[in-house]
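Chain nomenclature is as follows: A, B, C, D, E and F, assigned in order of appearance, with residue numbering initiated at 1 for each chain independently.
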Amino acid sequence: MPYVNIKITRDGVTAEQKARLIKGVTDLLVEVLDKNPATSMVVIDEVETDNWGIGGESVTLRRQRG
Amino acid sequence: MPYVNIKITRDGVTAEQKARLIKGVTDLLVEVLDKNPATSMVVIDEVETDNWGIGGESVTLRRQRG
Amino acid sequence: MPYVNIKITRDGVTAEQKARLIKGVTDLLVEVLDKNPATSMVVIDEVETDNWGIGGESVTLRRQRG
Amino acid sequence: MPYVNIKITRDGVTAEQKARLIKGVTDLLVEVLDKNPATSMVVIDEVETDNWGIGGESVTLRRQRG
Amino acid sequence: MPYVNIKITRDGVTAEQKARLIKGVTDLLVEVLDKNPATSMVVIDEVETDNWGIGGESVTLRRQRG
Amino acid sequence: MPYVNIKITRDGVTAEQKARLIKGVTDLLVEVLDKNPATSMVVIDEVETDNWGIGGESVTLRRQRG
(Lines give C-alpha, C1' and ligand atoms only; values in the text may rest on other atoms or scores of the structure.)
Protein backbone atom coordinates (compact mmCIF):
# COMPACT_ATOMS: atom_id res chain seq x y z
CA MET A 1 0.00 0.00 0.00
CA PRO A 2 2.93 2.39 -0.34
CA TYR A 3 2.65 5.78 -1.95
CA VAL A 4 5.68 7.27 -3.64
CA ASN A 5 5.96 10.81 -4.98
CA ILE A 6 8.83 11.64 -7.31
CA LYS A 7 9.54 15.30 -8.00
CA ILE A 8 11.83 16.11 -10.92
CA THR A 9 12.45 19.14 -13.10
CA ARG A 10 10.37 19.36 -16.30
CA ASP A 11 13.01 18.41 -18.86
CA GLY A 12 11.29 16.41 -21.56
CA VAL A 13 11.14 13.15 -19.65
CA THR A 14 9.44 10.65 -21.96
CA ALA A 15 6.48 8.39 -21.20
CA GLU A 16 8.87 5.45 -21.57
CA GLN A 17 11.21 6.87 -18.91
CA LYS A 18 8.27 7.53 -16.60
CA ALA A 19 7.14 3.94 -17.10
CA ARG A 20 10.61 2.74 -16.11
CA LEU A 21 10.55 4.87 -12.96
CA ILE A 22 7.11 3.52 -12.01
CA LYS A 23 8.19 -0.06 -12.65
CA GLY A 24 11.53 0.34 -10.91
CA VAL A 25 10.15 1.91 -7.75
CA THR A 26 7.35 -0.65 -7.51
CA ASP A 27 9.78 -3.56 -7.98
CA LEU A 28 11.99 -2.07 -5.25
CA LEU A 29 9.08 -1.92 -2.79
CA VAL A 30 8.22 -5.54 -3.53
CA GLU A 31 11.83 -6.66 -3.23
CA VAL A 32 12.83 -4.75 -0.07
CA LEU A 33 9.53 -4.63 1.83
CA ASP A 34 7.46 -7.37 0.24
CA LYS A 35 4.71 -4.86 -0.59
CA ASN A 36 1.77 -5.74 -2.78
CA PRO A 37 2.34 -4.06 -6.16
CA ALA A 38 -1.40 -3.94 -6.89
CA THR A 39 -1.85 -1.23 -4.26
CA SER A 40 1.51 0.52 -4.70
CA MET A 41 1.19 3.99 -6.18
CA VAL A 42 3.80 6.19 -7.79
CA VAL A 43 3.08 9.81 -8.72
CA ILE A 44 5.59 11.84 -10.74
CA ASP A 45 5.51 15.64 -10.51
CA GLU A 46 7.39 17.59 -13.14
CA VAL A 47 8.41 21.04 -11.91
CA GLU A 48 9.42 24.05 -14.04
CA THR A 49 13.08 25.00 -13.54
CA ASP A 50 12.03 28.49 -12.39
CA ASN A 51 10.12 26.81 -9.58
CA TRP A 52 12.92 24.61 -8.30
CA GLY A 53 15.64 26.06 -6.13
CA ILE A 54 18.84 24.60 -4.81
CA GLY A 55 21.74 26.43 -3.21
CA GLY A 56 19.50 29.49 -2.88
CA GLU A 57 18.86 29.98 -6.58
CA SER A 58 16.57 28.55 -9.24
CA VAL A 59 17.67 25.74 -11.52
CA THR A 60 17.03 28.10 -14.44
CA LEU A 61 19.67 30.50 -13.16
CA ARG A 62 22.13 27.74 -12.24
CA ARG A 63 21.95 26.37 -15.75
CA GLN A 64 22.41 29.81 -17.32
CA ARG A 65 25.54 30.25 -15.26
CA GLY A 66 26.67 26.86 -16.52
CA MET B 1 -6.54 24.62 10.53
CA PRO B 2 -6.34 21.39 8.55
CA TYR B 3 -4.69 21.09 5.18
CA VAL B 4 -5.92 18.48 2.74
CA ASN B 5 -4.25 17.55 -0.53
CA ILE B 6 -6.23 15.50 -3.05
CA LYS B 7 -4.34 13.93 -5.92
CA ILE B 8 -6.37 12.62 -8.84
CA THR B 9 -5.69 11.82 -12.47
CA ARG B 10 -6.31 14.66 -14.94
CA ASP B 11 -9.56 13.48 -16.52
CA GLY B 12 -11.63 16.53 -17.22
CA VAL B 13 -12.85 17.07 -13.69
CA THR B 14 -15.10 20.13 -13.79
CA ALA B 15 -14.95 23.23 -11.59
CA GLU B 16 -18.30 22.19 -10.18
CA GLN B 17 -16.94 18.76 -9.17
CA LYS B 18 -13.89 20.39 -7.60
CA ALA B 19 -16.18 22.71 -5.66
CA ARG B 20 -18.09 19.68 -4.36
CA LEU B 21 -14.84 18.01 -3.26
CA ILE B 22 -13.72 21.17 -1.45
CA LYS B 23 -17.10 21.59 0.23
CA GLY B 24 -17.40 17.91 1.11
CA VAL B 25 -13.96 17.59 2.67
CA THR B 26 -14.38 20.82 4.64
CA ASP B 27 -17.78 19.74 5.96
CA LEU B 28 -16.28 16.40 7.00
CA LEU B 29 -13.50 18.12 8.98
CA VAL B 30 -16.08 20.29 10.75
CA GLU B 31 -18.36 17.35 11.47
CA VAL B 32 -15.76 14.80 12.63
CA LEU B 33 -13.14 17.05 14.25
CA ASP B 34 -15.01 20.31 14.87
CA LYS B 35 -12.43 22.20 12.83
CA ASN B 36 -12.91 25.85 11.85
CA PRO B 37 -13.78 25.90 8.13
CA ALA B 38 -12.38 29.44 7.73
CA THR B 39 -8.84 28.10 8.09
CA SER B 40 -9.37 24.70 6.43
CA MET B 41 -7.57 24.36 3.11
CA VAL B 42 -8.06 21.88 0.33
CA VAL B 43 -5.67 21.68 -2.63
CA ILE B 44 -6.47 19.45 -5.61
CA ASP B 45 -3.61 18.25 -7.83
CA GLU B 46 -4.51 16.80 -11.22
CA VAL B 47 -1.86 14.41 -12.50
CA GLU B 48 -1.33 13.26 -16.11
CA THR B 49 -2.05 9.55 -16.54
CA ASP B 50 1.53 8.98 -17.79
CA ASN B 51 2.72 10.27 -14.43
CA TRP B 52 0.55 8.06 -12.23
CA GLY B 53 1.51 4.48 -11.64
CA ILE B 54 -0.26 1.66 -9.91
CA GLY B 55 0.58 -2.03 -10.00
CA GLY B 56 3.94 -1.12 -11.52
CA GLU B 57 2.61 0.52 -14.66
CA SER B 58 1.19 3.89 -15.67
CA VAL B 59 -2.53 4.55 -15.73
CA THR B 60 -2.15 5.34 -19.44
CA LEU B 61 -0.97 1.80 -20.13
CA ARG B 62 -3.54 0.18 -17.83
CA ARG B 63 -6.33 1.95 -19.67
CA GLN B 64 -4.96 0.96 -23.07
CA ARG B 65 -4.97 -2.64 -21.97
CA GLY B 66 -8.56 -2.11 -20.82
CA MET C 1 -6.88 5.68 -7.71
CA PRO C 2 -6.92 8.96 -5.78
CA TYR C 3 -4.51 9.74 -2.98
CA VAL C 4 -5.58 12.08 -0.21
CA ASN C 5 -3.33 13.46 2.50
CA ILE C 6 -4.96 15.09 5.52
CA LYS C 7 -2.75 17.14 7.82
CA ILE C 8 -4.15 18.07 11.22
CA THR C 9 -2.68 19.12 14.56
CA ARG C 10 -1.94 16.29 17.01
CA ASP C 11 -4.80 16.76 19.44
CA GLY C 12 -5.87 13.34 20.62
CA VAL C 13 -7.86 12.43 17.52
CA THR C 14 -9.23 8.93 18.14
CA ALA C 15 -8.98 5.87 15.91
CA GLU C 16 -12.75 6.09 15.49
CA GLN C 17 -12.54 9.69 14.26
CA LYS C 18 -9.75 8.75 11.87
CA ALA C 19 -11.90 5.90 10.56
CA ARG C 20 -14.73 8.38 9.92
CA LEU C 21 -12.38 10.70 8.03
CA ILE C 22 -11.11 7.81 5.88
CA LYS C 23 -14.63 6.59 5.18
CA GLY C 24 -16.00 10.08 4.54
CA VAL C 25 -13.28 11.12 2.10
CA THR C 26 -13.47 7.82 0.22
CA ASP C 27 -17.26 8.06 -0.07
CA LEU C 28 -16.91 11.61 -1.38
CA LEU C 29 -14.48 10.50 -4.10
CA VAL C 30 -16.87 7.76 -5.16
CA GLU C 31 -19.87 10.08 -5.13
CA VAL C 32 -18.35 13.11 -6.89
CA LEU C 33 -15.84 11.46 -9.24
CA ASP C 34 -17.01 7.85 -9.43
CA LYS C 35 -13.60 6.65 -8.23
CA ASN C 36 -12.93 3.03 -7.28
CA PRO C 37 -12.74 2.90 -3.47
CA ALA C 38 -10.51 -0.21 -3.60
CA THR C 39 -7.60 1.89 -4.87
CA SER C 40 -8.41 5.13 -3.02
CA MET C 41 -5.89 5.96 -0.31
CA VAL C 42 -6.15 8.37 2.58
CA VAL C 43 -3.14 9.19 4.76
CA ILE C 44 -3.57 11.27 7.93
CA ASP C 45 -0.56 13.16 9.31
CA GLU C 46 -0.79 14.48 12.85
CA VAL C 47 1.49 17.45 13.43
CA GLU C 48 2.72 18.82 16.79
CA THR C 49 1.32 22.29 17.53
CA ASP C 50 4.88 23.69 17.77
CA ASN C 51 5.35 22.57 14.15
CA TRP C 52 2.22 24.17 12.71
CA GLY C 53 2.14 27.86 12.00
CA ILE C 54 -0.64 30.15 10.90
CA GLY C 55 -0.65 33.94 10.87
CA GLY C 56 3.11 33.87 11.38
CA GLU C 57 3.08 32.07 14.72
CA SER C 58 2.82 28.50 15.98
CA VAL C 59 -0.48 26.99 17.04
CA THR C 60 1.08 26.45 20.48
CA LEU C 61 1.55 30.19 20.92
CA ARG C 62 -1.85 31.09 19.47
CA ARG C 63 -3.54 28.80 21.96
CA GLN C 64 -1.53 30.21 24.87
CA ARG C 65 -2.67 33.68 23.89
CA GLY C 66 -6.23 32.33 23.82
CA MET D 1 19.59 19.08 3.53
CA PRO D 2 16.14 20.61 4.05
CA TYR D 3 13.36 20.36 1.53
CA VAL D 4 10.75 23.09 1.36
CA ASN D 5 7.57 22.99 -0.69
CA ILE D 6 5.67 26.23 -1.22
CA LYS D 7 2.15 26.01 -2.58
CA ILE D 8 0.56 29.20 -3.89
CA THR D 9 -2.26 30.05 -6.24
CA ARG D 10 -1.29 30.52 -9.89
CA ASP D 11 -1.50 34.30 -10.16
CA GLY D 12 1.21 35.42 -12.51
CA VAL D 13 4.06 35.14 -10.03
CA THR D 14 7.20 36.20 -11.91
CA ALA D 15 10.51 34.34 -12.17
CA GLU D 16 12.06 37.20 -10.20
CA GLN D 17 9.56 36.74 -7.34
CA LYS D 18 10.16 32.99 -7.36
CA ALA D 19 13.90 33.64 -7.16
CA ARG D 20 13.32 35.87 -4.13
CA LEU D 21 11.26 33.15 -2.43
CA ILE D 22 13.97 30.54 -3.09
CA LYS D 23 16.71 32.88 -1.83
CA GLY D 24 14.70 34.02 1.19
CA VAL D 25 13.74 30.54 2.37
CA THR D 26 17.29 29.23 1.90
CA ASP D 27 18.78 32.16 3.81
CA LEU D 28 16.30 31.55 6.62
CA LEU D 29 17.32 27.88 6.90
CA VAL D 30 20.97 28.90 7.07
CA GLU D 31 20.32 31.62 9.62
CA VAL D 32 17.96 29.73 11.96
CA LEU D 33 19.24 26.16 11.62
CA ASP D 34 22.72 26.58 10.19
CA LYS D 35 21.80 24.35 7.23
CA ASN D 36 24.06 23.93 4.22
CA PRO D 37 22.49 25.93 1.37
CA ALA D 38 24.15 23.69 -1.25
CA THR D 39 21.78 20.86 -0.35
CA SER D 40 18.71 22.95 0.54
CA MET D 41 15.88 22.55 -1.94
CA VAL D 42 12.83 24.71 -2.51
CA VAL D 43 10.01 23.62 -4.81
CA ILE D 44 7.19 26.03 -5.68
CA ASP D 45 3.85 24.60 -6.82
CA GLU D 46 1.40 26.98 -8.48
CA VAL D 47 -2.19 25.82 -8.13
CA GLU D 48 -5.19 26.92 -10.24
CA THR D 49 -7.72 28.90 -8.18
CA ASP D 50 -10.44 26.31 -9.02
CA ASN D 51 -8.25 23.72 -7.31
CA TRP D 52 -7.63 25.62 -4.08
CA GLY D 53 -10.30 25.72 -1.42
CA ILE D 54 -10.56 27.63 1.82
CA GLY D 55 -13.59 28.09 4.00
CA GLY D 56 -15.31 25.32 2.04
CA GLU D 57 -15.22 27.03 -1.34
CA SER D 58 -12.75 27.54 -4.14
CA VAL D 59 -10.60 30.65 -4.38
CA THR D 60 -12.23 31.28 -7.79
CA LEU D 61 -15.64 31.59 -6.16
CA ARG D 62 -14.38 33.63 -3.20
CA ARG D 63 -12.84 36.16 -5.57
CA GLN D 64 -16.00 36.38 -7.69
CA ARG D 65 -17.95 37.17 -4.55
CA GLY D 66 -15.35 39.85 -3.78
CA MET E 1 18.15 17.23 -8.06
CA PRO E 2 15.14 14.96 -7.65
CA TYR E 3 13.17 14.66 -4.44
CA VAL E 4 11.41 11.41 -3.65
CA ASN E 5 8.98 10.85 -0.80
CA ILE E 6 8.09 7.28 0.13
CA LYS E 7 5.11 6.75 2.42
CA ILE E 8 4.73 3.33 4.01
CA THR E 9 2.93 1.94 7.04
CA ARG E 10 4.94 1.83 10.26
CA ASP E 11 5.68 -1.89 10.44
CA GLY E 12 9.13 -2.27 11.92
CA VAL E 13 11.03 -1.46 8.76
CA THR E 14 14.73 -1.70 9.66
CA ALA E 15 17.47 0.84 9.07
CA GLU E 16 19.01 -1.64 6.66
CA GLN E 17 15.78 -1.86 4.62
CA LYS E 18 15.50 1.94 4.57
CA ALA E 19 19.10 2.13 3.35
CA ARG E 20 18.23 -0.26 0.52
CA LEU E 21 15.21 1.85 -0.46
CA ILE E 22 17.33 5.02 -0.48
CA LYS E 23 20.07 3.35 -2.52
CA GLY E 24 17.63 1.69 -4.91
CA VAL E 25 15.63 4.81 -5.68
CA THR E 26 18.76 6.91 -6.15
CA ASP E 27 20.30 4.34 -8.50
CA LEU E 28 17.06 4.28 -10.48
CA LEU E 29 17.11 8.07 -10.92
CA VAL E 30 20.70 7.90 -12.14
CA GLU E 31 20.00 5.02 -14.48
CA VAL E 32 16.73 6.24 -16.03
CA LEU E 33 17.19 10.02 -15.93
CA ASP E 34 20.95 10.46 -15.53
CA LYS E 35 20.39 12.51 -12.37
CA ASN E 36 23.23 13.54 -10.09
CA PRO E 37 23.03 11.33 -6.98
CA ALA E 38 24.77 13.97 -4.83
CA THR E 39 21.68 16.16 -4.96
CA SER E 40 19.04 13.39 -5.05
CA MET E 41 16.96 13.21 -1.88
CA VAL E 42 14.78 10.44 -0.56
CA VAL E 43 12.54 10.93 2.46
CA ILE E 44 10.69 7.98 4.01
CA ASP E 45 7.56 8.63 6.07
CA GLU E 46 6.28 5.81 8.26
CA VAL E 47 2.55 6.12 8.95
CA GLU E 48 0.59 4.44 11.77
CA THR E 49 -1.90 1.89 10.45
CA ASP E 50 -4.78 3.82 12.08
CA ASN E 51 -3.80 6.77 9.91
CA TRP E 52 -3.69 4.96 6.58
CA GLY E 53 -6.89 4.17 4.76
CA ILE E 54 -7.58 2.15 1.66
CA GLY E 55 -10.93 0.95 0.37
CA GLY E 56 -12.62 3.31 2.83
CA GLU E 57 -11.21 1.78 5.99
CA SER E 58 -8.01 1.94 8.00
CA VAL E 59 -5.24 -0.60 7.53
CA THR E 60 -5.67 -1.48 11.23
CA LEU E 61 -9.24 -2.60 10.60
CA ARG E 62 -8.40 -4.39 7.34
CA ARG E 63 -5.75 -6.42 9.10
CA GLN E 64 -8.09 -7.30 11.99
CA ARG E 65 -10.59 -8.57 9.47
CA GLY E 66 -7.77 -10.58 7.93
CA MET F 1 -3.49 31.49 1.40
CA PRO F 2 -0.12 29.84 0.83
CA TYR F 3 0.83 26.53 2.36
CA VAL F 4 4.48 25.82 3.08
CA ASN F 5 5.89 22.47 4.17
CA ILE F 6 9.42 22.40 5.59
CA LYS F 7 11.09 19.03 5.94
CA ILE F 8 14.22 18.86 8.09
CA THR F 9 16.09 16.12 9.91
CA ARG F 10 15.09 15.56 13.54
CA ASP F 11 18.04 17.15 15.30
CA GLY F 12 16.73 18.78 18.44
CA VAL F 13 15.32 21.86 16.75
CA THR F 14 13.80 23.98 19.52
CA ALA F 15 10.31 25.49 19.68
CA GLU F 16 11.96 28.90 19.49
CA GLN F 17 13.74 27.96 16.23
CA LYS F 18 10.51 26.58 14.80
CA ALA F 19 8.77 29.83 15.72
CA ARG F 20 11.47 31.76 13.84
CA LEU F 21 11.03 29.56 10.75
CA ILE F 22 7.26 30.07 10.84
CA LYS F 23 7.62 33.83 11.29
CA GLY F 24 10.36 34.12 8.68
CA VAL F 25 8.55 32.19 5.97
CA THR F 26 5.29 34.04 6.60
CA ASP F 27 7.01 37.44 6.46
CA LEU F 28 8.67 36.41 3.19
CA LEU F 29 5.30 35.51 1.63
CA VAL F 30 3.89 38.87 2.69
CA GLU F 31 6.91 40.77 1.43
CA VAL F 32 7.42 39.03 -1.93
CA LEU F 33 3.85 38.10 -2.86
CA ASP F 34 1.72 40.37 -0.66
CA LYS F 35 -0.04 37.33 0.80
CA ASN F 36 -2.39 37.60 3.77
CA PRO F 37 -0.52 36.18 6.79
CA ALA F 38 -3.79 35.24 8.52
CA THR F 39 -4.33 32.42 6.03
CA SER F 40 -0.67 31.49 5.46
CA MET F 41 0.23 28.08 6.87
CA VAL F 42 3.61 26.57 7.61
CA VAL F 43 4.00 22.92 8.60
CA ILE F 44 7.37 21.59 9.77
CA ASP F 45 8.09 17.86 9.46
CA GLU F 46 11.03 16.47 11.39
CA VAL F 47 12.43 13.31 9.82
CA GLU F 48 14.65 10.68 11.49
CA THR F 49 18.12 10.58 9.97
CA ASP F 50 17.61 6.89 9.04
CA ASN F 51 14.67 8.01 6.92
CA TRP F 52 16.44 10.76 5.00
CA GLY F 53 18.71 9.88 2.14
CA ILE F 54 21.00 11.98 0.02
CA GLY F 55 23.69 10.81 -2.38
CA GLY F 56 22.22 7.33 -2.18
CA GLU F 57 22.75 6.79 1.52
CA SER F 58 21.01 7.77 4.77
CA VAL F 59 22.02 10.83 6.73
CA THR F 60 22.77 8.49 9.65
CA LEU F 61 25.43 6.71 7.61
CA ARG F 62 26.84 9.92 6.13
CA ARG F 63 27.32 11.35 9.60
CA GLN F 64 28.99 8.15 10.87
CA ARG F 65 31.42 8.38 8.01
CA GLY F 66 32.02 11.99 9.06
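In this text, a contact is a pair of C-beta atoms (placed from the backbone, for glycine too) under 8 Å apart; a residue touches a chain by one contact, two chains touch by 3 or more.
Given the structure is predicted, the values throughout are model-derived calculations rather than measurements.
Undergrad: Counting residue numbers used by both copies over all numbers at the interface, does the subunit D-subunit F contact come out same (over half shared) or different (under half)?
TA: Mostly same residues: over half of the interface numbers shared.
Undergrad: Check B-F against C-E and say which one is joined by more contacting C-beta pairs.
TA: C-E
Undergrad: Can you give the whole-Å distance between the Cα centres of subunit C and subunit D?
TA: Their C-alpha centroids are separated by 21 Å.
Undergrad: Calculate how many whole Å lie between the centre of subunit A and the centre of subunit E, each centre taken as the average of the chain's C-alpha atoms.
TA: For subunit A versus subunit E, the centre distance works out to 13 Å.
Undergrad: List, in ascending order, every residue of subunit A touching at least 2 other chains.
TA: 1, 3, 7, 21, 25, 39, 41, 43, 45, 52, 54
Undergrad: Touch graph of the chains shown: is it line, ring, star, complete or other?
TA: Other.
Undergrad: Quick one: which chain pairs are touching?
TA: A-B, A-C, A-D, A-E, B-C, B-D, B-F, C-E, C-F, D-E, D-F, E-F
Undergrad: Enumerate the contact residues on subunit A facing subunit B in the complex.
TA: Per the touch definition, subunit A meets subunit B at residues 15, 18-19, 21-23, 25-27, 37-46.
Undergrad: Can you list the subunit F residues touching subunit D in their complex?
TA: Interface residues on the subunit F side: 1-9, 13, 17, 20-21, 24-25, 28-29, 31-33, 35, 39, 52, 54, 59.
Undergrad: Can you list the residues on subunit F that touch subunit B in the complex?
TA: For subunit F paired with subunit B, touching residues are 1, 3, 39, 41, 43.
Undergrad: Where on subunit E does subunit C make contact in their complex?
TA: Touching subunit C from subunit E are residues 7, 45, 47, 50-58, 60-61.
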